[in-house]
């Protein structure tokens, strides 16, 4: 009976969602502000990748808020899981020596890949969020592969704070030079080069470090509650 | 069509062939460990030669593709080792007529 | 058009899991499915037939032959927020399990965890 | 040969591939809904994310595809698995 009611309700919602989106044509251009972004991204911001220039430059203030939300989520997760103890580890779960050596050997390469992705964020697909996530995945591999590995939380929080300060200072410099918050003050350079697009690479590198540190901290907090240490 | 393109085409063909063999092996093999040996060894070689072949076809990308090949050569055996070990630890044993399980024999003391 | 229908179906499947399932982890799985459906819907709205990715990667590309970048930027940030929300929800689930020793929402009666 | 060229146009292949991927997306979502073993349900959501990232690539959104591949496939699955290890595996 309950299932029938739920199915009926979902059918109702689905029908109205469908009728709402049936009026939106698929595959046709309905850009309004996007057209302007696409046309002005190379002359105004110097970035080749339009998505990056929207995320960092046109809507940089949104990104600052979003990074703050991530920070709050990481802090709240630490507060929720504070003081939990896990069950003691059984011997079967210990990583083998091949895994330990492999994790140690692969970690620099993964960090290199993440750094490549967020340094080239204004040229190729990718950017701070993706690169930071890849670095966090590398830290996860260390946690899984090395026995009794603990991420250094003090170092992580220092890294994260420095990255956040870099973001805010890059915004305030715009104000200091008589422009608006987060406006570009550096020379634009040649589009397509690594050192171009003004302030965008600096902010995206900061975002990459911040996201990487936050997600690594989240993973280490969650793992240490299940590993039965502390 | 210069010599680099021909080498690249040969390498990509070989890679596609090995990937196909790996896929057939996953379907045809009887138990988990033999499936894994088809699904990791053959596809490691297949992916490596495929990516290297693309690097030969487009010489500007050759350095990056060599880096990717080195990364695959490092990471793929480690991950398949971890998978096989986890499967053995969680109680899936090889399906063989002679009952050969060398890993179990060598690690007798920590299988309590 | 089929993209819209499929993403609405995925959203409805997630909503069904949230409404009807009794297990807390299954409910979080449903929330993650709703997220996925919404992302697909937004990116599909920005798609243009015959367009390329909005990156001026080689000379000769013009703004007329590109898909809409605004929904992509929106979805890019939404995915990152989604993983943070999922992590917080699962931390709460872990805490509830430590208190009540069950994940069945019919058995969790007290307000205090 | 003529017939092959007429039937296997790139556009048709593109549309057939898209249709298969969308069908698999719905199948994976239903699989993760009905599965009683929570580990399999989580693998189902990981599969949904993987198919979704290929679909984003087909929709010409490489940035979003990269994000979904890094976050949805790897990180979300790992967080779910950690939570599962802390709690029970089966849905009663």
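In order of appearance the chains are A, B, C and D, and numbering begins at 1 in each one.
In this text, a contact is a pair of C-beta atoms (placed from the backbone, for glycine too) under 8 Å apart; a residue touches a chain by one contact, two chains touch by 3 or more.
The structure displayed is predicted, hence computed values, not measured ones.
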Pair sharing more residue contacts (C-beta pairs) when A-B is set against C-D: C-D
Interchain centroid distance [CA atoms averaged], chain B/chain C, Å: 33
Rounded Å distance, chain B centre to chain D centre (Cα mean): 23
Chain centre separation (chain C, chain D; CA means) in Å: 13
Chain C, residues touching no fewer than two other chains: 3, 9, 16, 44, 46-47, 53-55, 72, 76, 79-80, 83, 87, 90-91, 94, 98
In chain A, residues with contacts to at least two other chains: 49, 51, 125, 127, 129, 133, 215, 218, 222, 225
Numbers and ranges of chain B residues touching at least 2 other chains: none
Set of all touching chain pairs, with the criterion as stated earlier: A-B, A-C, A-D, C-D
Residues of chain A defined as touching chain C within the complex: 2-3, 6-7, 9-10, 13-14, 17-18, 21-22, 24, 26-31, 33-35, 37-39, 41-42, 48-51, 54-55, 59, 62-63, 66, 69-70, 73-74, 76-77, 80-81, 84, 124-125, 127, 129, 133, 191, 211, 215, 218, 222, 225
Touch list for chain C against partner chain D, complex: 2-3, 6, 9-10, 13-14, 16-17, 21-23, 25-26, 28-30, 32-33, 36, 39-40, 43-44, 46-47, 51-55, 67, 72, 75-76, 79-80, 82-83, 86-87, 90-91, 93-94, 97-98, 103-104
Touching residues on chain B, where the partner in the complex is chain A: 71, 74-75, 78, 81-82, 85, 89, 110, 112
Of chain A, residues touching chain D in the complex: 49, 51-52, 86, 117, 125-127, 129-130, 133-134, 136-137, 140, 215, 218-219, 222-223, 225-226
List of chain D residues in touch with chain A within their complex: 62-63, 65-67, 70-71, 74-75, 78-79, 82-83, 85-86
